[in-house]
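One chain, chain A, appears in both complexes that follow, with chain B as partner in the first and chain C in the second.
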Partner chain A sequence: MERFDRLRGAVPARPHDARAIAALAANPGCGRRAVMDAAGIDKDATATHLGFPAPFGRSPFAITRGNAFEALVKDSGCAELLRLLRELLGLPIPLAAYTDLGDIGGNPSAHLRHAHTLKLIDRAARDDDEAGTLYDHPLLRLEIAGHTSYLEPDVVAFRLAGRFHIVEIKSFAIVDGQAEPDKVAAAARQAAVYVLALRNMLAELGHDPARVSHEVVLVCPENFANRPAGTLLDVRRELAVLRRQLSRMAKVGAIADTLPEDLTFDLAPDADGVPTRPVSELREAVGAVGARYAPECLSTCDLCFFCRDEAAAEGSTELLGRQVRDALGGVATVSEALGLADGTLTPGEGQEEIARLLRLADGIYGVYAEAG
Partner chain B sequence: MSERLDALEERINALRAEVRRAVRGRDGALARVLRAELRTAERAWDRALAPQDPAEGSLEDSPEPAGKGARGGDGPGSDGPGSLVPVREQVHEALTLLGVPASARVIVAVHGALRAGSLRGTQLASLRRDEERSFRSSPFARPYYLCAALTDRLSASRGLLTVSTWPQERRAIGPLSPRVDFLTTAIRVGEHILRLEETGEPAPDAARRLLARLAHNVPGVPVPSAAEDAPPDPAVVVRAARAELDVHAGADADARARIAERARARLGDAERLFGGRLLSLAREEAS
Partner chain C sequence: MSTLAALARLRAVRTGTAQRLATVRHCHLSERPMVFIPLRLAGEAAAPLAAMAGTDPGHPHLLVVPQPRDRDLRFAFAAELAQIVLPYVEGFLKETETVERRGAEPYERCADAPQLLVPNRAALAFTLLLGRSTRFRRAEGPHAVHPSVPVLGRWLTFFAQRARHPGSALLPAVTEALSLHWATGQSALEDANLASLVGWIDPPPGTTGAEAAREAEDPLVWPPAGPATDPGFDAEVLAPAIRAYEEAPGDRATARVAEAVRTQLDPTWRLMWRAVDLLRGLPEGRGASARWELDRGSFTAFAEQVAEGGPPQPKHDGAVPAASRLARMERAQASYDAQRAYDDPLLMAAYRLTGEAFTGTVVASDPANAEGEGRGRKLRPLVTVRTGDPVRLAAGAKLGTPERRGQQAEVVEVDGELVTLKIVKGMGRGKVATPGAVPESGDQVCYAALSDEYQPPASLPASEETPWTHGGPPPEYVPSPEDDQEEWS
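Coming up: the complex of A and B.
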């Protein structure tokens, strides 16, 4: 733990939200991200100080739109959602109970709300007959590399054949049965985080974690109207990736141990919170942990521009996307690949196969170039 | 015209009395709101008098169109001309029509569709707090208060408004209550349209649209095909909503009765209307 505190410097660790945890699962191979997340480092501030501010931050319009759509779905005791669940999962008519787990009076702390969620979910899992059906604003907890993060899924639906379903409400449209694959994938990853947290909670309470369904109900506006429609999303694959990534983070100490003892990402902020650490020094420190850049990082990681710049400077094959990088296994840079292809470079041990393929490809291109 | 002036004068007098009470109770915020209402009423009184007094008439730059009457405020803003009925009375009217606890969103929609009212969500934002302050400074001084619905933890349910004169059971929210109240809303809106039709008056389009929106989530109402965008038959909606309501009614009434029972046993007057504090929550945890 002290190791991570030293990496982070004198600032408090940043808690993870579901979005950040989901982004972890998006690039499980990246050591840089694993170490920085495990240490709870503010990657955005780091990237900004390095001169590569992150391209995101959601627009206030998108947030308003998302909230408005969620309010529409949840209006009048989740009237729209009940209709969807009745159509989608055959929820029987008598099951229409709605419990707001966030509504416990006053302005309760996260801890109190979590305890309340724990109590009611326990009661729900214990006796099916008296349990409610929809649980709004539950507060779940997930342990990430020693830090507790509180997560708030949109709705948890229960008692569909004795199982819990996570409901994820998103405001991107499903047009003619199709939605943007990126957004669906992101929603699935985020929902997987909730499924995992709820499963952990059930296990903690001594119930069968498998009672949390791996099928998530995704609610989106349909076509060009604002009318909600629901689909089932299988998140088993995302769950597996997430679990693997989280266990890796638990063992991230192993990665951290290989790092130099005096390494730190401390920005050394002054009294006003302005970083005072020399940029070149920080650049060196961040560079000490290996990253695995992929173009997908551009939509999920705060450090993406820095890593892209680094990969470009090295002429790394990672810039060309995951598929190319995997196809060029064992060949690190673009210039090396080109050298192998035109025969100016002798293949090293284990590179014979890929060199043969590259030379073949080069030959084919040569033939076409002469012909055309 | 003189009837209208009488009504206005009555209202001005009542408002003056309320302002006096608020000032005596050191309730600055409420007094400010009431004073604003008073000024609006006085301006309206001036305007109503103007046509009878040609010398005064030219002073008014925008005389209010006659015939709008003192009911159902018009104009987009609360400070606009004509919204003589104060917000709390408009909300009371909508809640009385529905007869169930309702969120600001539902109140605005229902009032807009059935009463051609022009409430806005933002006007309702501080209503409950103002009412609570008024009640605490001089309890039971008003004939009714707009107050909270109680959850099973006896705290105020988030966002719902009720009327203090309702029985405690109706102001309690059990697990099935949101659904029951939604179905009741659909029934009340449907019945209101049926009543209008009986008297030979066509229901306003907004009312039919509201009913269509509600009916969409009531099982058993035939879904209109995309081609003909016919609004649902109110009688069918009422019947379908009743059918589902019958399924939930018993269990919901029991849950509400239990909450009401506990509220009566444990809470004081103000808490019973506006929700218990975290103290009762702690007691709950301990028991």
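Coming up: the complex of A and C.
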């Protein structure tokens, strides 16, 4: 633990959201991301200080729309949400109590809030009455690569007759039963993180984890109106992927142990929060933990531009995407692949086949493309 | 991705400029295309914010919705867009040609067709949504819209659905068209950024493609090509302008929003025409013209439907139309792939690398070889080719060749570097082969196991006879008041 505190410096750890975890599972081989996330480092601030600000921003229009839609769904004790749940689950839900787990007064620590969630969920799991209960803002916990992360999901857990459903509210539209596949996939990955965390919580409390349904309720605006519509989304596949990747993920502690004792990503902010750490020093520190860049990082990780620049400097073929890398049979650098293609490099063991293909391709390319 | 395309990307990394992936242009490019760049309000499914459209690079039309959440303003936008798009589309209906068919009545086909160019795939998806949100509207009743709005909706839907058809060029996404012909030194994901892609292909003087592409990622220099706008622009420029309109609607406030979005659209407008020039620089492949003919046919048929007052395209395909659409698209994909390879040695190369095609020199030729007796006697010339390509073809595999498109050959034997094949189709009825019909010793030839033959359409029941296993006959479309009322907010 002290280890990670030292890596982070004198600022509080950033909480994880499920989006970060879902993204982490998308690139489990990236040690840099694993270490920085485990230490709760503000990657956005780090990237900005390095001179590679993250390309993400959310439009105020999107934020307003998202909030308005969520407010609409949760209005009057989640009246709309209840209507959807009745339709979707085909249950006669006369009434449902609404409990905001985030509301326990003051500004309690994540630990305290988690304990509160734990207590109420335990009671809910024992209760077996027919009335449903909606739990808003539960604070869940997930073990990621040997390190515990608190999850602050913007999500509702719905309990009825001893079963729990995760409800995810998203503001992208479902038009004629179809939505943008990328967005649905992202929502499913995120929901899977919550399902897993809630299942772990039940198991920890001695209840049957299977009482958390693998079917999550996705609530989105329907067609071009603001009217919410619900869909059941089966996240079993995402759950399996997530579990496998979490277990496979290199133990962060093991990576951290190989790092120099005095390594830190501290930005050394002054009284106004402005970083004072020399950039070259920070660059060296970040470079000390190996990354695994892929173009997909460009849509998920704050450090993407920094890592891309690094990969470009190394001439890595990762830069061109998985498809190219696959077509190159995993040859690691651009110069190596080009060397194999023009014959200036002798293929190593296991490279004979790809070298032969590259030689042939190079010959053909020279004939037609350069003439044309 | 083929090894060849991967190699081209590596070469692009090394040289800092995009590398050619094709020797000819594989998509038809109209002499008078219409560029259409839509922008959407962030967070909304299909709320148009603005659009730039037109056929003259020097005179774009700018359309703007000063308050994108206002339903009436949206339909005013749709009506205004209809005034630009519909005359352009309908202009192509005037001139037709008569197409003769063997064994069927001749029919009329438009001599040319409209071509809408959008920047990227996301713009295609948005065009489809724009069509969906307007085609069911009606010009009468309590929610009446301008009569041109539902017509525009049908056309946009037609274009966007046709864009899914492999090889169609009625509504190409320019990033996709460019990526077909050039490989950049970045990932396919990054190629979706039009400015960055054009930067690689045609960097400004004194800059490498790689540098130009990096610069293109700065939204302050090169605003996104839409439909999504830059969040920073939304927060700092657009939001205050829209707020000003809300507080005091009027021409001045509208002009302010218009000027704001113009700054975002102008650079993309110029990029689109630069992309058109880049594509025009390539000679058009034979197959591209043939596929454009199909596009013209499809355009003509749809125009007839609109003229006859047919119903708008349904929200969901019925079982029979869906199955037939899928079958059509599969056939189109196969023939699109084959045509491009036969048109372009660089694309054929990908099949040579996988062993499905080969080039080489003819070492032996027996043009007089025949099979059968008497009246059943058929010319089946034998040709042996020496090749250095890694051939992976079995005896009996059907082959075509770019040099003699009407012929079909069959592999007889592959023995090391020697491939013997038999020409089985396209030899005519003569007793001897016409001179030049059979390759001779010393000729360079190319053969590929790719077929661009006509395949009859799948035989499917009529829509009214949809079997119960597939839900039975679909209900007939009746315009419902619900369609009119459907909010567009």
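One rule holds in what follows: the second predicted complex is superposed on the first by the 266 of 372 C-alpha atoms of A that agree within 3 Å, B and C clash if a C-alpha of one lies under 4 Å from a C-alpha of the other, contacts with A are read in each partner's own complex, and residues count from 1 in each chain.
Just so it is clear, a residue touches a chain if its C-beta (ideal position, glycine included) is under 8 Å from a C-beta of that chain, and two chains touch if they have at least 3 such contacts.
Keep in mind that what you see is a predicted model, and the values were worked out from it rather than measured.
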Per-residue contact with chain A, leading partner among chain C and chain B
C
Which partner does A:Leu298 contact after superposing on A: first (chain B), second (chain C), both, neither?
second
Looking at A:Ile255, would you say it contacts chain B, chain C, both, or neither? Reply first, second, both or neither.
neither
Between chain B (first) and chain C (second), which, if any, makes contact with A:Ala62: first, second, both or neither?
second
Just to be sure I read the superposition right, which of the two partners does A:Gly132 touch: chain B = first, chain C = second, or both, or neither?
first
Give one of first, second, both or neither to describe whether A:Thr99 is in contact with chain B, with chain C, with both, or with none.
first
Between chain B (first) and chain C (second), which, if any, makes contact with A:Glu80: first, second, both or neither?
first
Both chain B and chain C contact which residues of chain A?
227
Mind listing the chain A positions that touch chain C in their complex?
55, 57-66, 171-173, 175-177, 180, 221, 223-227, 295-296, 298-299, 315, 317, 319-321, 323-324, 326-328, 334-335, 337-338, 341, 354, 356-358, 360-362, 364-365, 367-369, 372
Hey, which residues of chain C end up touching chain A in the complex?
1-11, 13-14, 19-21, 23, 41-46, 125, 129, 132-133, 185-190, 217, 229-232, 234-235, 238-239, 315-316, 345-346, 349, 352-353, 389-390, 486-489
The answer for chain B against chain A in the complex is residues 103, 105-106, 151, 153-158, 175-179, 181-182, 185, 216-217, 219, 244, 247-248, 275-278, 280-281
Can you list the residues on chain A that touch chain B in the complex?
71, 75-80, 82-83, 86, 93-94, 96-100, 102-106, 108, 132-133, 227
